[in-house]
Each structure stands twice: as C-alpha cells, then as structure tokens.
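Each chain carries a letter (A, B, C and D) given by its place in the written order, and its residues are counted from 1.
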Amino acid sequence: MKLGFIGLGNMGAPMARNLLKAGHDLTVFDVVQANVDALVKAGEGHAQSASTPAAVLESGVDAVITMLPAAQHVKSVYLGEQGILSANVVGVVLIDSSTIDPMSARDVAKAAAQKGALMLDAPVSGGTGGAEAGTLTFMVGGEEALYERMKSLLACMGKNIVYCGGAGNGQVAKVANNMLLGISMIGTAEAMSLGVSLGMDPKVLAGIINTSSGCCWSSDTYNPYPGVLENVPASRGYTGGFGADLMLKDLGLATEAAKLAKQPVPLGSLAQQIYQTFSLQGSGSLDFSAVIKLFTKK
Amino acid sequence: MKLGFIGLGNMGAPMARNLLKAGHDLTVFDVVQANVDALVKAGEGHAQSASTPAAVLESGVDAVITMLPAAQHVKSVYLGEQGILSANVVGVVLIDSSTIDPMSARDVAKAAAQKGALMLDAPVSGGTGGAEAGTLTFMVGGEEALYERMKSLLACMGKNIVYCGGAGNGQVAKVANNMLLGISMIGTAEAMSLGVSLGMDPKVLAGIINTSSGCCWSSDTYNPYPGVLENVPASRGYTGGFGADLMLKDLGLATEAAKLAKQPVPLGSLAQQIYQTFSLQGSGSLDFSAVIKLFTKK
Amino acid sequence: MKLGFIGLGNMGAPMARNLLKAGHDLTVFDVVQANVDALVKAGEGHAQSASTPAAVLESGVDAVITMLPAAQHVKSVYLGEQGILSANVVGVVLIDSSTIDPMSARDVAKAAAQKGALMLDAPVSGGTGGAEAGTLTFMVGGEEALYERMKSLLACMGKNIVYCGGAGNGQVAKVANNMLLGISMIGTAEAMSLGVSLGMDPKVLAGIINTSSGCCWSSDTYNPYPGVLENVPASRGYTGGFGADLMLKDLGLATEAAKLAKQPVPLGSLAQQIYQTFSLQGSGSLDFSAVIKLFTKK
Amino acid sequence: MKLGFIGLGNMGAPMARNLLKAGHDLTVFDVVQANVDALVKAGEGHAQSASTPAAVLESGVDAVITMLPAAQHVKSVYLGEQGILSANVVGVVLIDSSTIDPMSARDVAKAAAQKGALMLDAPVSGGTGGAEAGTLTFMVGGEEALYERMKSLLACMGKNIVYCGGAGNGQVAKVANNMLLGISMIGTAEAMSLGVSLGMDPKVLAGIINTSSGCCWSSDTYNPYPGVLENVPASRGYTGGFGADLMLKDLGLATEAAKLAKQPVPLGSLAQQIYQTFSLQGSGSLDFSAVIKLFTKK
C-alpha cells in the first residue's frame, strides 16, 4: 500500500519503520526536519518526504496514519490551512493514533466524513518499547467494516487490535483504562507502603494481595515497591517504562472528558492531583510507579 | 481436639459448625443465648456452653477461636474481668479471627504472651458464603512454627491458610488488601460509568480493561456494572456479596492504622469518605459494588 | 456614549438596561430574537438591534460589552466569521464580562490587540440580583490606563470595580476566588454537619467558628445550615442565590486553568467532584450552599 | 482558691503560672520532674508538688485543671490506678483543657459524674503565645451553671471563655473549627498559588479575595503566601505559629469523630492526608501555613 505518516517522534518513528519493514511505501511529514530525514534515509528508497500534511495526501496515498502529541496538534494537522482535510480525501482512510480526548476525536472524525474520508481513531498502549517491537495494542473506534479492513495494516505495528465501537470509542477505551490504571497504581502504592510501614515483608504482602481481591495489574505485573518483582521500573530506579508525566496527561484527558460528560470521577481526579504534585516536585520523568515515593519517608 | 469458640454470629456460627463436622469437641460462648443454644443443639453432644470467656478456658481446651465484631469486643473478651486472659492460659493456643486494627491485635497478643498463651491473629476473607462452605481465606500473624501447627485446624474452616509474618500481620495483610479492594472497586465504577456515558458498550469496555493495564479483580471477577458478568451482585440488584458497610468498616481500620503509622493514604481515605456518603444515603446494606450508583444518574 | 452590547441573557439583559438608565445609547445582539426585542423595547428609542456581532461594530460604537455563557461562545463572537474582530475595531474598547478560563481570555485579548482594539476582561460576581440592582463586582484585567478610563462606565452596572493586573487577570482573580469559595462552602458544610451530629446547637457552633480561626464568608455571611442566618438560601429551601451548577462551572474553569499551569489544586478538584456528584443527583439548580445535603441523613 | 494542675508542658506551664499570678495556690503533677521543679520554684511558696494525680486531689483542692497531649494520657490521668478518680472527688471541679476526641471526653465526664465530681471539658486555642499572654480562647462543654461559676477562673488564663453546650461540646467545637481551619488554609494555599502561577500579584489577589466571597481567616489574617501580610509565619520562614503536626493531630481527631458519628467529611479527610504527606516530607515542625510549599515548585 501507499501510505502517509505524519508525526515522527518517539512513538511515530518506530511505527513508521515497522510499516517500511512490512513492505509499504511511505510519504512522511514532521515539523522537525531531522526526523523526516532520518525516516527517509531508513526507507532506502521507499520513503519520501512531503512539505505539508496536505502534500502527503497530494502524493496519492491509500491511507494516512497520524501520531501527534495532543489534541491541538491533531486539530492543526487535520483542520489547519494546509491540513489533511484541505486536500482531496475522498475514499482515503485516515487513522489517528494520537491519544486525545474523545470529543476532539469525534469533531475531527465528523469533519473528515464531511469531506468524504474514512476515519478511525486508534490510540495505542505499549510505549516506545512496544512501538519498536511492533507489539502495541491499538484501541480502534469507527465503522466496524473499516476496522476489519485495516486490521492487517495495524498488525504491522501492533499485536492486539481491539475494536471499541463507533468514532471516538478508541479514545474512550484508552482514557477509561488509563484512569483506572492511574488509580490502581496509587492504590497499590498506598497499600504496599502502609503494609510495609506496619511491619510486613513487601514480597509476602504482594503475594497475598495477588491471590486476593486486591489483585490488579499494578500489583501483580508492575509492582511499585522496589524488589518485589524483577524487570520492572521499581527494581531499576524507576527508569524506563511509562513516564509519570504521560500518566498525568492521560488523567487530564480523563477528567476533562468526565467534565464534559457531567460524570463524577473523584478518585480519577485525585489521582490527577497526586501526579501533578509529584511532577511539581521534579519527578515527572520517572516511571509512573515512582509515585510511591510520595508515601515513603525520604 | 478440645476447642473453645467465642462469638457465634453470622460468621462464627458456621465456622464453629465446620469444626464440629471435622470431629472436634467445642465449648462455646456468645452474649446472645439463642446463638449458644443453636450451636449446642447442632453439636449433638459434642458442644457444650460456658457462661463466660474465662469459663470456656476453665473447661479445659487445647485452643480457643474468637470471632467478634470489633476491637472493643476483642479487648473485652480477652482482657476483661471475666475474659480469656483472666483464666489459666499457659500453653493454650488462642486464635482471633476477628477483623480489627493491627495495633489492637498486637496489644492483645502481647498480653496473651505475658500470661503464657500462644496467640495467632487470623482474620478471614470470603464472607458468610465462605464461612458456610468452609472455603475462607485465613491471613495469619504470629510465630511461624505455631502457624504450621495450627494450619490443619484452620483448614477445617478455610481453603487458603496464608502466613503473613509476626503478630498482627494477619490484620495488616487484611486491611492493606481490603483498602486496595475498596479503591479498585470505586476506580472500576468510575471508569465503567465514564466509558458508558461517553458511548461505549459496557461489556466491550470491560473486555478491553480486563486484557489491559487497568485490569483488577473488581473489573474481571466482580464487575460493578449491571450485566457485564453473570453471578455477581451487580447482576442481581446488588444483593448478597460483601456489604458496603463492611467495606466502610475495613476502610476505617485502614485509615486508622495509617494514621498511627504516620502514613498517607489519600485514595484510601477518599474511598472511605465515598462509602460513608453512600451509607448515609441509605445504601450501606447493598453489596459494596453498588457504590457505582453514586456515579449514575438516578 | 454609543455602546454595543452582545449577550442579553439573565445577566446581560439587566446590565444592558442599567446602561440605558445611565443615558447611554445601545446597539445590541443576541442569538435569541425575543431577548433582542425586549431590550429594544426597553430602550424606548435608545436601543437598536444588529444582525451579527460584526454589525454591532459597524453601527459605529465607542465600546462593546459582551456577556456570554462560556469560552466557546466568546471565541465565536469575537473570532468567528461575522465576529467582532472581522469588523474595523481600531481604537474601539472591547469589554468581555463573561466568566471563562484565563487562557482563552488572553487568546482573545491578543487577537483583539492585533486588530487595533483595546480590550479588558471584566468578569463579575453578584449574580442576577447584583445585575438588576447595579451592584455587581467587576474584576478587571488589561491595561491600567484603560481600566481607569472605563471605570465610570462599569460603575453604571456595578459597585466595586477592581483592577487585577494585565490581560486575563480579571478571570484569574475570579476563578481563584470562586475556587476558594467552593472549598470553603463544602468545608463549612462538613464542619457544621459534623458538629451538629455530635450534639452541638448549629447557631452556637456557627457563633464560635465566626469568632475563631475557622471563620469564612461561607460561615458568617452565607451559612449553609438552615436557620443559622436569616435571609440566606439555607433558610428558604436553598432557592435563589448562586446555583450549584454555576459553582460547578467555575470549579471546572479553575481546575482546567490549574492543569494548564501545571499547578496542583487537590481540594479545588475534589470540590468540583463533589458538586458534580450533587448535580448528578438532580440538585444542580439549588443554591450552591445546598451541597450540605450530601452530608445529612435523608 | 486551692487548685490542682496536672500537665506542665509547653501549654500547661504558662497556664499554671498565670494562675499563680492571679493569686491562687497550686498543687501540681507532671511525669517530667524538671517541669514540676520549675513550676514549684516559680510559685515562690504558693506551689507544691504531688507524686501522683490522686495525690493532687488528696492535698485538698477545690478544682483541678489538666492539660495533656492526647486522649490516652487523659484516660490514664483520670481513670488509671493512681488517677484522679481513684481519689475522693465528691464536689470537686475537674477541668480538662487537653484537646481530645469528643467521645473520650464524654467517657471521662461520665466516669467523673459517677464519682460525684463536677466536670468541664475546656480545650483552648491560641497556642503557646496565648498561653503565656493569658489570652487563650476556652471552648467549654458541661453544665451551664458550672461554666458560669468557673468562668472567672478560666479568665485568669484566657480572654474568650465560650460556652458550647453539654459535656464534650467544647471538644466538638474545637475539632469542627480546626477542621474548617485546615481546609481553609489548604484552600487558600491552592488559590494563592494558582493565581500567582497564572500571573497575578499575590498582594492584589489577596486583596480581592479578602473583600469577596472567598474571604477567610487563613486569607485575611494568616495568609500563607510570603510577603502578603507582615507578622505572620509566612513572612518569617514559617517559624513560630501553629505547627503543621498539631494541625495534623486535630484533623485526625476530626476524622475519627466523623467516623464514629457516621458523617462524611471528604475535604477534612483529604486535608488530613495532605498534612500527613507534608509531615512525611519532613516539614511537620513548620507553621501549618507552610503547607503552601506542596503547591510551589521547589
């Protein structure tokens, strides 16, 4: 397939490289020229650059994938003066893998439909590691038939391609899951810190929780207490993994979506404030499980 | 063995009956005479009553199990004028299965040791259903050798007998686990309500969460959204299960223990307040997953 | 002066009428034609209507006042196709009295400056009562010299005209004050409910708080406990006053501004969630002091 | 009058000295002998020591004042083996000025009444400065006639002697007021930090809040932002004043009382957690307004 790819940052670049590996031809755009040059070079003749998002479309592509930092960039790339929708997009498949709020995703999808494009929102989980390894999870919103048609393309970049329902539902699934993740992580951090300060061995406590009703992914797969699990950020100084500031961003999306939906999310909202406090204290670049430091004597 | 059993309420009575079934002889005490009469009758000659906790000891028992509502009752039954420790307890095994704060458990254990008794704290999870079926989980604190010796006795009443470390650690494990459970349940309720109000199918959303990083027992085994799982309280009007007021009690123990340990538990504490609000609105006798009603339009 | 007025709702209409009373001539616009007709009639020859925001400007005015529900309306009225800034605004004074987030206010002010207009943000407090009586408080952001020049105009509609600093600072002052108000009101509701449930007379408790370190406007001027003060919403079934849903809106602006400023506001954020819960239970149209009902047995 | 005084710490010692200055004779007890010696010396013949609380009574006193750190000490001093109530207390007035939870205060009052004593709970506010200067506020619970009779005695140590209702109500008033104070202080800290980070001058912001609906004692009398007010802890490095750990203690009493009263206090409870976090980070000995540091970039 002839594909467009817009947004070649830490996530987008390895995703685009995986598409090249799978034999697709790419036309790419990024605001940072060095990112573009690196990708074109990696393409060895199968990747070319375009000077604007619209120009990506004008190069004649079957589908375009976008991977951008936030809703403002998505809006600019799709709806801006030289944006995707300013070109002829009739029948073109547009897949936005950025993580943004569901309302913005639906606004963009609506605008795309009005121009005759076919759109999916397909945010990912799995981080830069998953992007490199091609093992991302894609949560996909949009027409089911279109999802079925694009599944094999997304499978070049990911392992689990999950259908979530109509337009925007990929974003809904992601913010709902990540809000619960943020809550569970802080909850696990509180429970582990409390148990240890009351005299329990952290491994014994984790073992009990993991076979009981408190069990959660944050406890059994990604435990924040140092030394409980091997090969998790907690056991290597909270490096690598999913940054606290990224969790903060996702909690911000969740509480914003909740506000618009007039839905209370008291624990989700407090989790956001706790990560904001943690970030203000200078720890935003640590793995998000490092939030346990707020509950530990310095 | 000749055993004492003190506290024949909703939990204690079926536990005591399981001991009878296993062939043990019981001397029992309860402040409610009808509870005592029912148990003695069920004993068919193998159960007799005593008029005070001390009298249970004086009947000549190898071990005593207590199952009481709160720390004040435990203190009264062990340390009161006609309490257990007012009798000769040298070499007798005392097992308290009440759920109380760890500090009180340690105070009682210390007093018992000073009188020459051997003590374990062994709170349970599994509810009245588990008590009837003999499938409770026991979280046991005290000397490890004593735990090993008593394991088979506890196995008459439960399925998982877990060693948690020194005196009081059974209680620590229980409050830490249940605090995380309360947090996860509210977090799941928020995430499910948010996702559905934003347009997702609840079963699809639960399916995604349960294979992602938001996965927790409250989501995959006990989902609070009606219709997502069969055979859980959410799918039968929130009847049966683990009452919201019992969760409120456990969250109160957790925050109290945290206060004494000078440990912050912001989500645990907010979970307590949310269950208190729910209880004040008259819903404390519903299953604890019914807390999702706070996040749903009436 | 020849003035424009855009937004003739519950707040805007009485404000515009007070400008007429003070002898000014008005050109008005509102999306609801009935609102326009009523105002033109009230103007008895001194008020005329315009068909778009731009047309208000084209009628030749010295200053325009806008009073709109939310940031999206402000952006549309100022920046839209037939918006204010599409007309010639060189040297015209633009005063936005809507309550919106400070960032949006600054965006609009910047766009206005680029077109040669002079802009103030001037959100108000005092409610519809203050708008009718001409006793509003205006919190004004923008150039100080412009504030000094416009003070007497604003005084036709309000009693206190407070200078807050550069562009957007009127909005900052309002969200900061109202966030603290929301927190204090819930805090007062908790303290009063707790004290009364522990056996104190509410008037005695309020009297002690009001002469002690817990004293706040919510306690001494607007006490939420029924019967403590006369002539407040709590003593007339929580009717009139400042609606809970308006407080919810302001708390949403505060937490949004805090998110963008990377500033933690844990109590402000929980206050928002509490008002959202209260609103979901169907009480959003009551006075905001009615939030005390969440802490009282039904 | 011949008076007993038990508890000669930072608060009790200056209170006792003010009683001596007013011409009363004292019999004193403290567990720290140096405290006793210093007071006896200060008494210049009008103060003598006793070896136990009971012995204070046996010296023949008209009234006894106790000033102790926590409920456990109050229970020990009143109900312990050599405690006050083990002596003949018929007709003696017992005044407990310790800050403890209302339930414990009522338990002690009940026990005192059973022994024929006349009891008041009379916790104070005003700190060590107020204790030295004799300007404390006393919040008094118990029989009103007894309050009237003892008012002039308390006036030797304080300026405001406020009647709060029946036994325990002095404690209720104090925990309710101080919970609201803790909430207001954090709320003020959030609002000031938010406003300043959004570009406002802190003095201008405080000025607006103090004439608006956000006004509270924490803002207008004890503002936590450095430089807004002179002569407050915020303007001298948060030294002096009311320690954060004392606020933490009072918030612990409030949430404990709320738990027993089955009353939700979500903001009070979160305030407790915020002060616990602040204390864990090593700042518990600073003035309680220093909590604003949690909302400021380091």
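The criterion applied here is as follows: contacts are C-beta pairs under 8 Å (C-beta built on N, C-alpha and C of every residue); 3 or more make two chains touch, one makes a residue touch a chain.
Which chain is which protein? Per UniProt: A, B, C, D = 3-hydroxyisobutyrate dehydrogenase.
Being a predicted model, the structure only gives us computed values, none of them experimental.
Asker: Same residues or different residues where chain A meets chain B? The copies count as same if more than half of the interface numbers are shared.
Answerer: Over half shared, hence same.
Asker: Could you see whether C-D or A-D has the larger number of C-beta contact pairs?
Answerer: C-D
Asker: Approximately how many whole Å separate the CA-defined centres of chain A and chain D?
Answerer: Computed from C-alpha means, the inter-chain centre distance equals 51 Å.
Asker: Let me have the rounded angstrom distance from the C-alpha centre of chain C over to the C-alpha centre of chain D, please.
Answerer: Here chain C and chain D have centroids separated by 40 Å.
Asker: Give the residues of chain D touching no fewer than two other chains, as numbers and ranges.
Answerer: 258, 262-266, 270, 274, 277, 280, 294-295 - these are the residues of chain D that touch more than one other chain.
Asker: Taking the touch rule as given, give the residues of chain C at its contact with chain A in the complex, in rising order.
Answerer: For this pair, the touching residues of chain C are 252, 255-256, 258-259, 262-266, 269-270, 272-274, 276-277, 279-280.
Asker: For chain D, which residues count as touching chain C in their complex?
Answerer: Of all residues in chain D, those touching chain C are 102, 125, 137, 139, 160, 162-166, 168-169, 172-173, 175-181, 183-184, 186-188, 190-195, 197-201, 204-205, 208-209, 211-219, 221-222, 254, 257-258, 261-268, 270-271, 274, 294-295.
Asker: Please name which positions on chain D make contact with chain A in the complex.
Answerer: Counting only chain D, the residues touching chain A are 266, 270, 277, 280-282, 294-298.
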